[in-house]
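We call the chains A, B, C and D, going by the order they appear; numbering starts again at 1 in every chain.
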Amino acid sequence: MGNFQVRTDLALEAREGITEGECGELRGVRVEEDYDEEHDIRITKVFIETRNAAKLMGKPVGIYVTMEAPGLVEPDDDYHREISESFAAQLLQLLPEGDRELSVLVVGLGNREVTADALGPQVVDNLCITRHVVKEFGKAAYNCSKMNQVSSLEPGVMAKTGMETAEIIGGVVLQTKPDILIVIDALAARSTKRLNRTIQITNTGIQPGSGVGNHRNALTEEVLGIPVIAVGVPTVVDAATIVGDALKKWMDEDADDKFDSRLAFAELNNMYMTGKDIDAVVKRVSYTLSEGINIAMEKNSVVYGS
Amino acid sequence: MGNFQVRTDLALEAREGITEGECGELRGVRVEEDYDEEHDIRITKVFIETRNAAKLMGKPVGIYVTMEAPGLVEPDDDYHREISESFAAQLLQLLPEGDRELSVLVVGLGNREVTADALGPQVVDNLCITRHVVKEFGKAAYNCSKMNQVSSLEPGVMAKTGMETAEIIGGVVLQTKPDILIVIDALAARSTKRLNRTIQITNTGIQPGSGVGNHRNALTEEVLGIPVIAVGVPTVVDAATIVGDALKKWMDEDADDKFDSRLAFAELNNMYMTGKDIDAVVKRVSYTLSEGINIAMEKNSVVYGS
Amino acid sequence: MGNFQVRTDLALEAREGITEGECGELRGVRVEEDYDEEHDIRITKVFIETRNAAKLMGKPVGIYVTMEAPGLVEPDDDYHREISESFAAQLLQLLPEGDRELSVLVVGLGNREVTADALGPQVVDNLCITRHVVKEFGKAAYNCSKMNQVSSLEPGVMAKTGMETAEIIGGVVLQTKPDILIVIDALAARSTKRLNRTIQITNTGIQPGSGVGNHRNALTEEVLGIPVIAVGVPTVVDAATIVGDALKKWMDEDADDKFDSRLAFAELNNMYMTGKDIDAVVKRVSYTLSEGINIAMEKNSVVYGS
Amino acid sequence: MGNFQVRTDLALEAREGITEGECGELRGVRVEEDYDEEHDIRITKVFIETRNAAKLMGKPVGIYVTMEAPGLVEPDDDYHREISESFAAQLLQLLPEGDRELSVLVVGLGNREVTADALGPQVVDNLCITRHVVKEFGKAAYNCSKMNQVSSLEPGVMAKTGMETAEIIGGVVLQTKPDILIVIDALAARSTKRLNRTIQITNTGIQPGSGVGNHRNALTEEVLGIPVIAVGVPTVVDAATIVGDALKKWMDEDADDKFDSRLAFAELNNMYMTGKDIDAVVKRVSYTLSEGINIAMEKNSVVYGS
């Protein structure tokens, strides 16, 4: 019944569980790294290509892009524009190729009333929505010969709707038949170091049980019938996890076997940890993501005569 | 593309167009009036029973309940409780009879960001949502042998979603299969006298073109496959309408034929008129409606042993 | 007790009352007009220079700048940047000259909960606030040898605070001793043509009774002891005014003498008229004003070595 | 520059530092306990009566009331009414005695944009504000021969205003001359057990450095010249504190001497921990406090003829 879903679902952190070096050599897993020195953006792509590798990594077959941009927490508008551009480029690579116009439904998951969980809803607030205009006036309304249709939805959380998010999204997909779904969500990181400065993009959607949370119903192509790109930024750390990790640091190294932090600190279940300036951070990061999606959708359009 | 739908869809005002007395005698139209003197609540029920009557009234066959409660604008909590109780009683009369438990989806139409249009979303904020709990833990969670399942949705406005409200609701109804839909919306009245003190309840849903606005897609049983109860409170007056009405008062009586205020005052299209204290009024009225729905849903439940 | 103050306080509209041409020739009144064709921004400055002229104009001695920018209602980010730059330039001309650093308190008047009245609070949300940083870490924190200190306040409305806005601002000015006050407010225009596309800037502050509203206490240099620049954008039209004006158009020309619209339409008192997309408009315009103030404050600073 | 102030300022928890029993016998400290079994509300009053005791307790001379009401987190309206009544009774005991009418300024501290810190602003939203009405129309407006004047202020946080909260409040007190100040704030507890179910009331105001936070300027009678009652409910736990406490539990008992958790976990500074349903909890608790203040203010009034 809790509101926002605490998960430790950064692929980068999942990878860290595997011994250094091992991952790159894992059959069926390919890793590409790229560092944009000028803008201090590090991009890591993990391609999980076989079922076997998926089992080993505990993540489904697909592409996992992680953008690490320390400046995402800084209040510098020009720099955020660079991150938006870079994010748009990554997004475009995961969109279906070809000249076909796309109808894209962007869904902002999470609870607008809980600051650290408001990322999805706030991203949706600043999108350039075009579907209804194209439907009514045609592409000519935008002077384009190719023009994507963007729609958006803020489904709300189960405690307030009484419905699973997947039920609501499933119904809207059935009725409005978008070509692709982009799902935005606030994530939970394992380490405070990643908070608010990492963007994760994957074409595998959101899997039930992929993290700590209890979102029972998947948002995946298998379930919804259309490709699902999931975009997330970690804004919280699960409380029991961080306490457990801190304890392990202080105890000897094989402490891992000795306890499960969730059992040890039952009072911390359903609690999360976040920064004091989370309102300013979520406002800034959500705007950067909105701009990135707007750029990607526009780049994918073709103005007459061009 | 505008946000909130300005309509003059009070059945009571539609009736006023017909010469005094005529309506009551109209074949196929039955009117019941009731006045609760203690609480100053006047309830008028118009039953449109034949297709012919529907054509004459310009409203579909069905039941139209109008509650006039002048105190709805007053900041008196006890009095609002009385209105909630009275509203709940009216609502229950429109719900399907019998002992069957109901799954009820309550939809808050309108734009949360525009104060006068935020009635629907604010009603939904204060509902007692039970569907997810009953689904997971059974009626036992509430110690009931009969227990309604309440879910809710705030679909947002087309300018922000790019989708027709009816598309979103249609999809969610398909997926979650409620027995009945209750739709809450802010309405437009013709006269400032009715603002914020009239509650209209009808079992005909919301018809396209029933008012001035352009909501193309109906929210009706015919379209959605389940009964639709529409609840509305007028919070605005259409600007062109009020100016036209004022002009008619000052001109001679057959002015009616001479002009259409919408043509005369093109600059007033897409404008509406509302009171300066609209934030306090919408907050109070929406709470009164939420409480009414909560009472109706609870009354309809049966606690074990009772 | 009503919330937001409906006034018809555009100096430009006050001027229109005076017969064409008359104003320019009025002794003690000087008018400068400027038109930026590229950006379609028309700037009119009225200098009221003598007490006698002030009496004739019904406005205190001072400078009244009106920027008419039709594109202010369009969703074009680049164009809004141009308006911000132009607004910043006008603002700088009204700030005290000289090399002295300024401590500037920006006050957002109005009611955040009423969309059309939320301009002031929303402007304040996006300001670059520096006073507390300069006070704690010195100008060095911004690498500047001259650095203005910006602070801000959202005093709220009397119905919610129980205090006059002027009492709250007066107290904060006493304690924090800014050099200058900038007051932002949503205004009421007489004509719908000016809505949301006119910025008015004046160095006379806000006078009680200058408009239709009842803000009893002045926000002026005389009362507060520091210069007060008032910035306003009309977002509403007073309902009684517009109905009265419409009536006059339909009646013969000397109708003026025959009635006062406020008496004629008592039911319209405390009502105002606004557009259906007011949420999007206020969001955009307030951001443009914030940016303008941020630019002006930064331009007024001197980076080391420059 | 961070927004909300993390403090561990529950007097009850300060007391727990002192060995069991010791406190009650401490010269200059008097403790009264009361348990309302019917409503499960435990009230503990600590009277610190001498300077020496104040030094030992690390808290200024004054009265500290702690109400422990486990049901404060439950969504039961009737029960909350009981807590409101009990809270009102405690509040009245701290107000100046006598028949004099009081002018009371209620200040909601904290950041409305950060859910766990929004308690103060949300309490202020639901208060019954009377000062401006009494000032304009006299007590007769409420049909009372004795009628308190209630005003309220939401000063905002320093990161957004550039001013110390104490500067803003100090100025408003100077101008509006209330008889007493009630300050509402979200607090930080040391233990998750106390979260959202403890109300602390004290007549000592808020002291700089009383907790972990850095609110430099006091809100006390000494500084402001009028009595200050501080009301707080813990909604967060400081992250470093809870990790440190967890570690101590796992390590041997004299671990206390070995480390300061703030040094050990530098990465946790400026982070806090809260529950996933914090939005619902803050909404409910703030309403309960508002009602309590409204009841206290009304009880303190005298209706004509009574």
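In this section, a residue touches a chain if its C-beta (ideal position, glycine included) is under 8 Å from a C-beta of that chain, and two chains touch if they have at least 3 such contacts.
Source: prediction; values computed, not measured.
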| item | value |
| --- | --- |
| For chain A and chain B, chains touching each | none |
| Chain whose average C-alpha position is farthest from chain B's own | D |
| Numbering shared by both copies at the chain D-chain A contact, with half separating same from different | same |
| Equivalent of A-B within the choices C-D, A-D or B-C, defined by over half of its residue contact pairs recurring | C-D |
| Chain A-chain C separation of Cα centroids, rounded to whole Å | 42 |
| Two or more partner chains touched - positions in chain B | 1, 159 |
| All chain pairs that touch each other | A-B, A-D, B-C, C-D |
| Chain C-facing residues of chain B, complex | 1-4, 6, 111, 113-115, 159, 192-193, 237, 239, 242-243, 246-247, 250-251, 265, 267-268, 270-280 |
| Interfacial residue positions of chain C with respect to chain D in the complex | 1, 124-125, 129-133, 149-154, 156, 158-164, 167-168, 170-176 |
